[in-house]
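These are the structures in question, set out in turn.
Next, two complexes with chain A in common: one pairs it with chain B, the other with chain C.
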Partner chain A sequence: MLVRRISQFFIVYGAGIGFLLALKSILGLSDYVIPGPLEIWDTGLAVAHGYLYDVLNTLGVAMVGQVLSIIMAFSIGTAARKSSWIGSFIKAAAYNIQAYPIVAVAPIIFILLGDGFAARLIIAAMICYFPLLLSVVSIMSEPITDIEHFYLATGRMRWQLEIKIRAFENIQKLTTVISGSATLAMAGTIVAEFIAANAGIGHAIRIALYQSDLAKILAALFLIGIFLSLYQGTLEWVGEKIINKWVIVDQEELP
Partner chain B sequence: MKKNIIHLFFIFFISCTLFAVSMVSPCRAEENLNYRLKWLFNASVTGDILAEDQNLFAEEGLNITVKAGGPERDAIRELEMGYAAFGVASADQVIRARAKGAPVVVIAQLFQINPLQWISKNSKPAINTVEDLRGRTVGITYGGNDETIMKTLLSRAGVKENELTLASVRYDYTPFYMDKIEVWPVYKNAQGIIIGEKLRKEGEDIQFFNPVNHGVQFVANSVVTSEKMMKEHPEIVARFKKALLKGWHMAMNPANQDLALTILQRYNKNTPKALQEKQLASTRELVWPDRSKEIGHIDVKAWQQTEQIMLEQGLIKSGVNIKTALIIP
Partner chain C sequence: MFLECRDLGYRYPQSSEFVFQNIFFELDTPGFHALFGPSGVGKTSFAKLLTGDINGYIGKILKKKDATFLYTYNQERLPGWSSIGRHLEKVTPPGMTDLCRELVEAFGMEPFMTQKFSQLSLGQQNRINLIRYLLQDFDLLVMDESLANVDERSKENIIFRIKELFPQKFFLYISHNLMEVSKFSDAILVLLKAGKQPQTSLIKGLNIHRNDVINSPELDAVLLGIMNAC
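Showing the complex of A and B:
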C-alpha cells in the first residue's frame, strides 16, 4: 500500500514537472519563469536538508492537529448523532464556521496566540476538524435499522451499543475519512505557516516565493508529497489492520 | 485496459500542454496591452493610474490596461508569458531575473529613494547610526528586500547579527505597537503613514531609519519591458514611457493634488482621503526628491550597488552587469 502510494505520487509529480519543462521548452521560457532540470536538481540537493527538517516540523504539527480533530469530531459527532436540537445546531454551526476562509480568520488567531506552535496547531485543526465533524455526524446519525431494530425491540439498546454498531457497519467509510483528513491537516498547517508562522515548510515556501525561486518551491512540493503519501499510506494500512481485526473478532464472537 | 489508461494519460498530458501553450500569446503592437503593477492600487501608483484615467496612453495611440499587482504577482514572469507588455518590478527582481536569463530591461526608475525603511517610536532610544541597533529587536521579512538591506547595513557597519535580535515580521503590526519589536520595516509612504497616524493619536511620535543615510542604496520599483518589445516595437515603448511619465509628472505636481486624490479614491475606496493625502505627499518626496532630475531617472550607480549587495548576500551567484539592462535615453 505504501509502495503504491509513493509510486502514484512519483507519477503525478513527474507528470507535473514534465508538463512544466515541456512548456518551458515549447515557449522558450527563461530559468526565471520555469527552472531547468539541472537547476531543479541542484536546488533540491542544496535545500534538501533544511526542507526535510521543515517538512517533518510541519508534519508533526499536522499529525497532532489531526489527532485533536479526530478526538473532537468523534466526541461531538457521536453526541450530535441524534436528530435533536443540539445535533442540528452543531451541524449548522460546523457548516457556517467551515464557510469562513481560513485566511480571514488566521490573523485573529495569530494576534491572540502569536506566531508559534499553538497558532499553527489550531489552524491545522480548524481546517481538518469541520469536514471531519460533518462526515462523522452524517455517518453516525444514519441508523443501521436491520441490526438496531433487534436490540430496540428486546430493550437491550444502550447508547454505547448504538455507537458500536454504527461505527462497525461504517468502519470502511470512517477509516477513509480519517486518512483523507490527513491531507487537510497538512494543508492547514502549511497555510498557517505561509500566512504568519516562522517555521515549517509553509514558511520556507513563503521565503522562496519572495525570492521568486520556483526551483525551491518544486523541491518543497516534492518533500511534502513524499511525506504526505507516507503518512496517508500508514493511516490506510492501520485502518485496514483495524478492519481485519474487528471483523475477525466479530466472527469469533458469532455462535 | 492498462494500455488504454496509459494512452488516456498521455492524451491528457498532451492536451494540457497544448492548452497551456494556446493560452500564452505574445504581445502584439496596437493590441490592448497590459501594464502589471507591483502592488495594489495605492498612493505608490498614483502616476500609473492617473495616466490611465486621464487617457494619456490613448493620447499616444496606445490601448493600455493598468492592472493591480499583489504579493503573488510577478510582472517579469508575465512579460515572458505574454500576459503583460509592461510592468513594475523591484531592482532585486530584475537582477534575479537577469541572472536566470530572463530577457527583461528597465525603461524608467519610479522611486529615486527606496520607500522601504524602518519605523521606530520616538519614546525609544534614537537610532542615528547602524551601531545604535545593537541590543535592539529589529523586524525583518525573511526572504524579503528588507532582510537583504538590513543584513548589508549590519555587515558594512561591522555589527554582528548576534549583537541584536532579528525578528520575523508580516502584516500584523501588533508586536510593534506592544514594543515586542522596536524597529519595524515599512513602506514609508504607505504603512508608515498609517502606523504613524495611529501612534500620533496615542500621543506617540515616530521616526524613520533610512538605509540610504547609512550608505546602502537598494533600488525599488522600476518600469520594465521585454527585450523583444524593446527591439521590435521601440516606438511603442517610447510612447508608453512618454505617457506614463507625463502621468507621474501630473501626479507629483502639488498643483494637481485634488485631481490625483480624486483618482486615487476612485481606484482605492478603502483608504480615507485624508490618509491618501499624506501618502501622496510622502510619495512625492520619494519619487521626485531632486527637481534637477527628471521623474523616471535611472540611477545607474544605485543599480550597480544593488547588484553588488545581492552578490555580497549570495542572492545571485555571479554578476549580471546590470548596466546592460538599463535603457538610458
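Showing the complex of A and C:
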C-alpha cells in the first residue's frame, strides 16, 4: 500500500513536471518562467537539506493538528449523534461553520496569536476538523438497527456501547476518513505557513514565490508529496491493522 | 386479561391509508400462538405495536400490568467483535447460565460457540439470536420469522423445546409457512388485507407437542380454515 502510494505520487509528479516542460517547449518560455530539467535537479539538490527540515516541521504540526481535530471531531460528533435539541444544534452549527472558509479566518488567528507554532496548529486543526466532524456525525447518527434493537429492547443500551457498535460497523469508513484528513491537515498547515508563519515548508514556498523561483517550489512540492504519501500510507497501514485485529475473523479461533 | 387489542388501527406516518384497522384480539392463555397473513398486511407493524417498538396507533392495547413484551426478527445481528459464546455470556442474566447451556444444546449451536456471528449460516444466526432473547426476562416474545432458514427438523425440535422450557410464557410466532403455523400454534390470528371486513380471523391451531401424533383431518381443517380466511 505504501509502495503503491509513493509510486502513484511519482507518476503524478512526473506527469506534472512533464506538462510544465511541454508547456515551456511549446510556448517557448524562458528558464526564468519555467526552469529546465537540469536547473530543477540542481536546485532540488541545493535546497533538499533545508527543505527536508521544513517539511518535517510542517508534517509535525499537521500531525498534531490532525490528532487534535480527530479528538475534537469524535467528541463533538458522538455528542451530536442524538436527535435531541443539543444534537441538532451541534449538527446545524457544524454545517454552517464548515461552509465558511477557514483560510479567511486565518489572518485573525495570526493577529491574535502571532506567527508561531500555535497559529499554524490551530489553522491546520480547523481545516482538518470540520470535514472530519461531518463524517463522524453522519456515521455516528446512523443507527445500526439490526444490532442495536436487542440492547434497546432489553434495556442494555449504554452510550458507550452505541458508539462502539456504530464505530465497529463503520470502521472501514472511519479509517478512510482519518487517513484522508491527513491531506487536509497538511494543506491547512501549509496554507497557514504560506499566509504568515515564520517556519515550515509553506513559509519556504512563500519565499520561493517572492523570488519567482519555480525550481524551488517544485522541489518543495516533491518533498511534500513524498512525506504526505508516507504519512497517509502509514495511516492506512495502521487502519488496516486495526480492522484486521478487530473485524476480520481470527483464523485461530476457528474450531 | 394478558393482552387485549380494541379497535386497533395503524397507518404509516404521512400516509392516509390504514395498514389495518378495527382489529379486536385477545390473548389470555400462555403458549405458542401465531400471526399469519400475506405479505404487506402489517404483521410486523402489528407486532411492533404490541411490544411498543412503534407507536402512533388508534384504538387501545391493554396489557397485563408489568408484563414485558419483546420483539425479535430474523435480520438481527450480534456484534462482530467477539465470538457468539462470549456474547451470550455477556447477555445472560445471573442465574440463567444453565438455561443458556440447555438452549445452546437444544438449538444445536454447541459446536459454533467460538465462531463470530458473520461466520454462521443464516439459520445458525437466527438460532443464536433467538437464544439470547429467550434468556431475557419476558412475558411475551414476538418471533418475527425468527426461525427462517432453519431446516424443518431442527425447527420442529426448537419449537417443541421452547414449549417444554417456557410453558408459562406467551409466544407470538410470525411466519409465512402455513403448515408450521397450523401444526405448532394454539391461537392463529390471521391478518387480512386492508379493506376486508373483518380484518382478522382467529383460528385454533393443532398446538402439537413432542410425541403428539398429528391427526390429518384436523390439520386439513386448520389449513382450510386459514386458507378460507385469507
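Note that in this section the second predicted complex is superposed on the first by the 247 of 255 C-alpha atoms of A that agree within 3 Å, B and C clash if a C-alpha of one lies under 4 Å from a C-alpha of the other, contacts with A are read in each partner's own complex, and residues count from 1 in each chain.
One rule holds for everything that comes next: a residue touches a chain if its C-beta (ideal position, glycine included) is under 8 Å from a C-beta of that chain, and two chains touch if they have at least 3 such contacts.
For clarity, every value in this text was computed on a predicted model and none was experimentally measured.
Participant: Of the partners chain B and chain C, which touch A:29 in the superposed model: first, second, both, neither?
Facilitator: After superposition on chain A, A:29 lies in contact with chain B alone.
Participant: Could you say whether A:198 touches chain B, chain C, both of them, or neither, answering first, second, both or neither?
Facilitator: The answer is first: A:198 touches chain B but not chain C.
Participant: When the two structures are laid over each other on chain A, which of chain B and chain C touches more residues of chain A?
Facilitator: Tallying touched residues of chain A, the top partner is B.
Participant: May I ask you to decide whether A:111 touches chain B, chain C, both, or neither, giving the answer as first, second, both or neither?
Facilitator: Only chain B is touched by A:111; chain C is not.
Participant: Applying the document's definition of touch, where does A:210 land relative to chain B and chain C: first, second, both, or neither?
Facilitator: First partner only.
Participant: For A:101, decide between first (touching chain B), second (touching chain C), both and neither.
Facilitator: neither
Participant: Show me the chain A residues, by the header's touch rule, that chain B contacts in one structure and chain C contacts in the other.
Facilitator: none
Participant: Okay, in this complex, where on chain A does chain B touch?
Facilitator: Listed in rising order, the residues of chain A that touch chain B are 15, 18-19, 22-23, 26-27, 29-33, 35, 107, 110-111, 115, 195-196, 198, 203, 206-212.
Participant: Which residues of chain C touch chain A in their complex?
Facilitator: Interface residues on chain C, with respect to chain A: 51, 53, 70-73, 75-81, 83, 91, 111-112, 114-116, 118-119, 129, 132-133, 136.
Participant: If we count contacts the way the header does, which residues on chain B are in touch with chain A in the complex?
Facilitator: Checking each residue of chain B against chain A gives 9, 13, 16-17, 20-21, 24, 71-72, 74, 76-77, 80-81, 93, 96-97, 100-103, 141-144, 168, 170-172, 174, 315.
Participant: Within the complex, which stretch of chain A touches chain C?
Facilitator: Touch residues, chain A against chain C: 146-147, 149-150, 153-154, 156, 164-165, 168, 246-247, 249, 253-255.
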